[in-house]
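Order as written gives the chain letters A, B, C and D; numbering starts at 1 within each chain.
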Amino acid sequence: MAKTFTTQRRVEFCETDAAGIAHFSAFFQFMEQAEHALLRHVGMSVVHPDEEGTISWPRAAARCDYRGPCRFEDVLDVDVSILRLGRRSATYGFRFTVAGDEVAEGQMTAVCCRIGPDHPPRPIEIPQWIRDKLSPFSE
Amino acid sequence: MAKTFTTQRRVEFCETDAAGIAHFSAFFQFMEQAEHALLRHVGMSVVHPDEEGTISWPRAAARCDYRGPCRFEDVLDVDVSILRLGRRSATYGFRFTVAGDEVAEGQMTAVCCRIGPDHPPRPIEIPQWIRDKLSPFSE
Amino acid sequence: MAKTFTTQRRVEFCETDAAGIAHFSAFFQFMEQAEHALLRHVGMSVVHPDEEGTISWPRAAARCDYRGPCRFEDVLDVDVSILRLGRRSATYGFRFTVAGDEVAEGQMTAVCCRIGPDHPPRPIEIPQWIRDKLSPFSE
Amino acid sequence: MAKTFTTQRRVEFCETDAAGIAHFSAFFQFMEQAEHALLRHVGMSVVHPDEEGTISWPRAAARCDYRGPCRFEDVLDVDVSILRLGRRSATYGFRFTVAGDEVAEGQMTAVCCRIGPDHPPRPIEIPQWIRDKLSPFSE
């Protein structure tokens, strides 16, 4: 059974808007920060230099559904799991709650790429050592 | 046939990230800014005070698919249309191009709400005067 | 002797720019977040509702000097002290280090105000109960 | 007599905060965007690739004094001048007004640097061709 990684994030004042709530675009930053926290948790970074250059994970798609508002100084519990671990991409799922109440749910698909100075990001198969680290969180 | 509204947006330096491209979360800000530009174009604002209080449009959902990178000082052409004008909500579609090349495509659903200090946003039917302004852009 | 409050802040990917470092404007968000962390530490919030309305702290001035770059996933140690606790305002000082190396130093002046829906923020004398909480950090 | 460059900037919803006004940190982004608009106006970019690599302008210091609030959809008139054009750095001055009322005033010092992949930014003398473009705006 897939493991879920949980992290926390306090809503900062600069993330609120004139409607008094966290701006909807902030949730995409929260998702990415939770993804990076999961990667650090398994001993990785989203930017990985190796002898051939750099492996990183450009985003192919992201979405979020909003269930309720969250406000300045609310502490978000963020549950992260991997909905799909493909050959070249990973789709993360995120569930945001405040004191047990769901406020949003989102997804983000990132593509494993070889990054270089002289070419656009080139999708590659997820290396086995990375797959081994991510698969416990994959459903 | 539905009209498309077009606006432009230059990618600012603070919107780029260490990968050298516009951060994926910035596109959600670009979408909202294009929605607000469309509303101004038809003589409205996303925040409308009236005798009963305020009408505004909390976001229920947003998504974006990324086709290619865009960089500092790129000028984005943003095409906005209304994919669905429901009884209480509007779903906007956005297409982002740079010099004719598509870089992203997104959607955002906003719910017409009565906003008040003493209650959470309350969905209402889109008033007819607003519907009249939006319907030319609705497919 | 004045106490210093210390908090930590990891540089997130969306805070970096195409130069590969934390964008200079992010430090003003880091300062505010450190101020709010200090206020929480002494049992307050920067937004305080009371029977007369709300007390908050609009910013009158801010500045930052940059000594060196900081990068994605760097952990900033932020030292906060109160350089001046005036009759109506507080000037905070911030020192940012990464692994002991100073990367920036900043100041921010906030004015104690009564906030209301029907008037602009009105500066007030800092209430004694707030002064008592802040003065240990004042030089 | 020094010329002043003027540009405009609408306050976007995502730049407001729960106090209903543009967040103070946004003014530092506005300053940088006005600097970049001035540079484009004289036919330059803040990032200039040449045969030896890249010339760019890391920020050494920034400050802002706030005179009054500005709100969603306010149009800021931003006056930019060069307060000091040094041997290796430029200090820009910014004055922000809304409908003639001053809302903020700021300064930013940027250092002319040679940027390379293998070394930290190296301050250089401002090349004569750049100095010629900037000096009409210098007091």
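Keep this in mind: a residue touches a chain if its C-beta (ideal position, glycine included) is under 8 Å from a C-beta of that chain, and two chains touch if they have at least 3 such contacts.
This is a predicted model, so every value here is computed, not measured.
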Option in C-D, A-D or A-C whose residue-number contact pairs overlap B-D by over half: A-C
So, comparing C-alpha centroids, which chain is the farthest one from chain D? A
Have a look at A-B versus B-C and report the one with more C-beta pairs in contact. A-B
Could you tell me the distance, in whole angstrom, between the mean C-alpha positions of chain A and chain B? 24
Could you state the distance in Å from the CA-based centre of chain A to that of chain C? 28
In whole angstrom, the CA-centroid distance of chain B from chain C equals 33
Can you list every residue of chain B that touches 2 or more other chains, as numbers and ranges? 13-14, 18, 25, 29, 32, 47, 72
Which of the residues in chain B end up touching chain D in this complex? 12-14, 29, 32-33, 36, 40, 45-47, 72-73
Chain A to chain D touching residues, read off their complex: 13-14, 16-18, 20-21, 23, 25, 71-72, 117
Seen from chain A, its contact residues with chain B in the complex are 18-19, 24-26, 28-29, 32, 47, 56, 58-66, 68-69, 115, 120-121
